[in-house]
Amino acid sequence: MDKEMMTAKILEAKSTKGMTWEALASAIGLSPVFTTSACFGSNSMTEDKAMAVCETLGLDKEVADALQDCPYKSWDWSVPQDPLIYRFYEVTGVYGDTLKALIHEKFGDGIMSAIDFTMAVDKEENPAGDRVVVTMSGKFLPYKKW
Amino acid sequence: MDKEMMTAKILEAKSTKGMTWEALASAIGLSPVFTTSACFGSNSMTEDKAMAVCETLGLDKEVADALQDCPYKSWDWSVPQDPLIYRFYEVTGVYGDTLKALIHEKFGDGIMSAIDFTMAVDKEENPAGDRVVVTMSGKFLPYKKW
Amino acid sequence: MDKEMMTAKILEAKSTKGMTWEALASAIGLSPVFTTSACFGSNSMTEDKAMAVCETLGLDKEVADALQDCPYKSWDWSVPQDPLIYRFYEVTGVYGDTLKALIHEKFGDGIMSAIDFTMAVDKEENPAGDRVVVTMSGKFLPYKKW
Amino acid sequence: MDKEMMTAKILEAKSTKGMTWEALASAIGLSPVFTTSACFGSNSMTEDKAMAVCETLGLDKEVADALQDCPYKSWDWSVPQDPLIYRFYEVTGVYGDTLKALIHEKFGDGIMSAIDFTMAVDKEENPAGDRVVVTMSGKFLPYKKW
Amino acid sequence: MDKEMMTAKILEAKSTKGMTWEALASAIGLSPVFTTSACFGSNSMTEDKAMAVCETLGLDKEVADALQDCPYKSWDWSVPQDPLIYRFYEVTGVYGDTLKALIHEKFGDGIMSAIDFTMAVDKEENPAGDRVVVTMSGKFLPYKKW
Amino acid sequence: MDKEMMTAKILEAKSTKGMTWEALASAIGLSPVFTTSACFGSNSMTEDKAMAVCETLGLDKEVADALQDCPYKSWDWSVPQDPLIYRFYEVTGVYGDTLKALIHEKFGDGIMSAIDFTMAVDKEENPAGDRVVVTMSGKFLPYKKW
Amino acid sequence: MDKEMMTAKILEAKSTKGMTWEALASAIGLSPVFTTSACFGSNSMTEDKAMAVCETLGLDKEVADALQDCPYKSWDWSVPQDPLIYRFYEVTGVYGDTLKALIHEKFGDGIMSAIDFTMAVDKEENPAGDRVVVTMSGKFLPYKKW
Amino acid sequence: MDKEMMTAKILEAKSTKGMTWEALASAIGLSPVFTTSACFGSNSMTEDKAMAVCETLGLDKEVADALQDCPYKSWDWSVPQDPLIYRFYEVTGVYGDTLKALIHEKFGDGIMSAIDFTMAVDKEENPAGDRVVVTMSGKFLPYKKW
Amino acid sequence: MDKEMMTAKILEAKSTKGMTWEALASAIGLSPVFTTSACFGSNSMTEDKAMAVCETLGLDKEVADALQDCPYKSWDWSVPQDPLIYRFYEVTGVYGDTLKALIHEKFGDGIMSAIDFTMAVDKEENPAGDRVVVTMSGKFLPYKKW
Amino acid sequence: MDKEMMTAKILEAKSTKGMTWEALASAIGLSPVFTTSACFGSNSMTEDKAMAVCETLGLDKEVADALQDCPYKSWDWSVPQDPLIYRFYEVTGVYGDTLKALIHEKFGDGIMSAIDFTMAVDKEENPAGDRVVVTMSGKFLPYKKW
């Protein structure tokens, strides 16, 4: 079973059970972002977590196997069009030099890892309009000088 | 004075004084991310803050005027090449569908604003390697249905 | 049911009933632009409006469910080719700097929202040739300075 | 004098005099959108209007000559990056099929002209946040069938 | 029936009957270029002409309905590859500035309409090699100054 | 002297003398399209015609030399943005398949040459609006079968 | 039958008979390059040659008809990726200016036709490693000056 | 001295002396294609040949040094626009699959080298029009199987 | 059988037998990189090696035939998106000029062949984190000077 | 001093002293690849190494300062054109899936770091033609599962 069919089966079961991503993540003991991304085929799970997804959603072992496969990560654009995703691209464009300057100032020459990386999405209630809070945490990787 | 020359003058003065972005931001009472982005020409400042930048760095009024101009925001790529900036693009690509799913689950149909938006860059010390923590906060904007 | 099949079913029913977009919009109490865009899968409807579309056109609940899903917005081009759509792209190109200058002059630094946004298409009769009148109204969003 | 230098001279004089685009347009008896676009080099003026610009701003005849030249229209992007301009591109993308459907429904097969075309930008005050109102009016051009 | 299937049915009937585009155009009283382009799905016909195509070729009413639909015009390239079509692109590139200069010299600031537009393809016999003669006629549209 | 400087000198002299492209072409005994394109650096002239341009405009021999150089033809776009030039691109896109079908029907397998090629731009007066008439004539080149 | 299916049928028959392109070309009295390109759908054959292909390979008349159709020439890339094809692209890039300079020096202003064009691929045995010899012959087409 | 200035100096001296590429190549004992490409900065010469170029053209040692530098090869396009160069690109596109099939048939799996490579441009006189004959010879490189 | 189906059959058999690429390569006496690339359809095998793959995995002769076909090499991107593959692209970008300088310094003007080429992937255990070691070996090809 | 001027000064001094990259690297106690890349502005040096470069080459402190700046890494292409660099791009394309399969097989889900990364270029003498050996070593980074 490939990742695409895996995602389709998970979405169908999730919809039938009326389960949210938050609830699924909580049931298997992982974060919502990681759980969702693995179910969309962008990350791989360990065997026990993959089995837990299938038990929670009532899916069979083939789905669990697919969840453990190393994914081929790709996306359908170089510049995204969906407005929600585009805004993150715009933030990268507008604040790219700023991120670079501040990370170099605080850490020296290197980058924030996108591999040893976690992310959370939270809702902050606010009378002037609720806010989406996205927190990224990536290990600082200094450039090796050899 | 255009934004490019303004940035050059600020960088030169900042280097001469040996001042960090953090210190400059602190001196004028704004966040480091906003301060840096305005000095790079990606945001505009109010008159009092622009004057404060110039007083702190010993620059004249033309720089303060340029800091108040509405910027034409652009960046030199559709896909960034600098590894530090590319990783943010990669995160948007790998986690775009996940961000979309979780924001819709928590907030309904809409987006995180990149205009009514704040961001912070922090250093989290960690024996396994320090971590870069980037926190974005954007107002949720529901799609109008009219 | 995905958005593509939803649109196909709506178009077929609309054609069979000989109903215009204007009439459908009027029947459900929404504007023609919003109604059409939601039926094309570019916007989501609330439950009552989605049910009203299905009652008006004699479609079943699966279509109504699909109308409520948050859409993944995208388009098949970076530069459009259809002459009708291209002219709007051309207007954005020719008048982009002008729009920017006048909105900044009237409102300060910020943008017109494309999310808290409405649009209307009207016909203005004119002996020298009828005119298409497109009216866009978007909330002004000032850049946050933090 | 080419259009680029013409625009530079107009912007400098306009800034020195502290004149708005609205005021300049009013002084020469043209709309703000057309006046601004011609001063940015995207449209040409008739001789009397070009002379009026120069009289109002205290500029010499070479500027007036340049204002009358037929412009070579172009823009620096295929997908714009400045957030204010991008939102108009996004509207064209999200609502392109809708505009096409409604214009064809009201007018038949043809397009809205971007040449026999006017546009206005207005501010609508609103306690929930002021709104930018953009009104486009283009002659409907039916496809010739020969 | 969509335009693609419509074109397939017309091409099949045309081939079976051994009819040329010229003959089909003559039979229905339209020009060869317009007739061909409508049969390829790039233009729409009026009801009587669409019916005439179907009578001439022995096709049923669904084809005639499709011929009346407003087409979504698009092409599969930004730079064409087929040598016959590429040469027209090359002519536009090599002579673009020349066309612009001469049309402005003769007509003033404006464009040749591609909507109120006709075209003919003729064969000019010539002992040094026959020549293809393509004649385009488009209404001059002056830029509105408002 | 390169072609760019050559064009600048010709445009300046032409403007000073108040001469049109039509008049210049007539003075040297070539067509307006060819004359203009050679002066813009897109074609080369024979020595006698190049000398005639210089005599007519009062330019020196270096310009005549440059007019005889084989040009490197290029244009600044893959998809043109200037509306006047874009319309020719649009015509190529919308009618490309039609041109291909009709030329093959009349001539067999081959192309219209863009090298053994002439073009004319004419003004057709018309009470419903004057028309731009562009006539292209290219030698038919049959594909060699060897 | 379209060109794609035609090619598939020819390749299948050719493989079954164990026939080379050279042998097929020899059997029908055309060059290997032209024969191969026509069988791949990039050129059209005359009726007798198309019939000869079918007789040689034991294919029916539909294939012969398809071989006579004027092809729509296209390729799947703007920059080729297959290393064998890329090297020809690289040669065009590295030696483009050189080819232009030498052809203009020998022939004057004009081009080598790619239509009145033949090509051969030969093997030159060489103890230091056999060599691929590709010979192109195209009619020189001088630019018309009119 | 960089390659660009080197080329400019060679072209100027060559023009002053009225020398052809063929004559220059003959004088230094290299082929015209290689000589031209090295003078355009696309290939490097050995010291004795570089000195011979300078002696023949009366240029100083700096030019000879630059002729010996390893070039950074690049070209200004992904799809060329100059018609002479485009035709070679078109040939690669139209005949790419054919070249691949015939080279594999004659040599097995591998490519024609563009590095161990020579090329000649010849003029073939022909009453039906002179022909450009381009002969490429590249070492066949079989793919290593390890 | 085309290469895509061949790969699918190999992957299925490899998974059923629980065999690694290393083990398969060892069984047939080729390197892991070459074996894997040929099974993915990027290289061709000799008949005996292709037969050995099929015997090892229990596949029939059609797969062995497909393994011997000359591949059409291509990849789905110009800039890769999968993070593992992107990092190799990034290395090429960041160190391209360095590779060029050092290879020219050690070998003179020429390139590293990607055809007469081998590659190995090894694991180097390291207490600070295991390392991926990729070793490429390509024949140096000097540019021919003719 | 920016990185571009820094590189120019280093190249000039290196050329004047007739020093190789290998010798420079040896003199300062770093590898040739890292030394070259830092001098080209693609990596930053520590203060002592930067000073050592300047002492070795007789350059002043401004160059040493520039060598310590964090670089903005970029390259002039998405697909490289220089044949030497292109071959590395081609290797990434042809062997990308193979690298991915073998690294996942040996290490699990993760990537080879391009930041904690070293590279060497060596010459392997070989009677059949010397070989370029490039060895890359990057830390394996497993994807965090959180």
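The chains carry the letters A, B, C, D, E, F, G, H, I and J, assigned in the order they are written, with residues numbered from 1 in each.
Here is the rule we use: contacts are C-beta pairs under 8 Å (C-beta built on N, C-alpha and C of every residue); 3 or more make two chains touch, one makes a residue touch a chain.
No experiment lies behind these values; they were computed from the predicted model shown.
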Using direct touches as single steps, what is the fewest number of steps from chain B over to chain C?
1
Farthest chain from chain D, comparing Cα centres?
I
Roughly how far apart in rotation are chain F and chain H when fitted on CA atoms, stated in degrees to the nearest 5?
70
So which of B-D, F-H or A-J is the twin of B-C, meaning more than half of its contact pairs are the same residue numbers?
A-J
Could you tell me which pair, I-J or G-J, is linked by more C-beta pairs in contact?
I-J
Find the geometric centre of each of chain A and chain F from their Cα atoms only, then give the gap between the two centres in Å, rounded to an integer.
56
Rounded to the nearest Å, the gap separating the Cα centres of chain F and chain G is 32
Rounded Å distance between chain E and chain H, as computed from the means of their C-alpha atoms:
43
Using the average of all C-alpha atoms in each chain as its centre, how far is it in Å between chain G and chain H?
23
Residue ranges of chain F touching at least 2 other chains are 33, 72-75, 78-79, 81-83, 90, 93-94, 100, 104, 110-111, 113-117, 141
Under the stated touch criterion, can you name all the chain pairs that qualify?
A-B, A-C, A-D, A-I, A-J, B-C, B-D, B-I, B-J, C-D, C-E, C-F, D-E, D-F, E-F, E-G, E-H, F-G, F-H, G-H, G-I, G-J, H-I, H-J, I-J
Residue positions on chain B within touch of chain A in the complex are 20-22, 32-33, 36-37, 40, 42, 73-75, 78-80, 82-85, 87-107, 110-114, 116-117, 119, 121, 123-124, 126, 128-141
Would you tell me which residues of chain G are touching chain I in their complex?
76-77, 79, 81-83
Of all residues in chain B, those that touch chain D in their complex:
72-75, 78, 114-115
Touch list for chain J against partner chain A, complex:
30-31, 34, 43-46, 49, 70-72, 100, 104, 108-111, 113, 115-118, 141-146
In the complex of these two chains, what residues of chain J are touching chain G?
79, 81, 83, 86, 90, 93-94
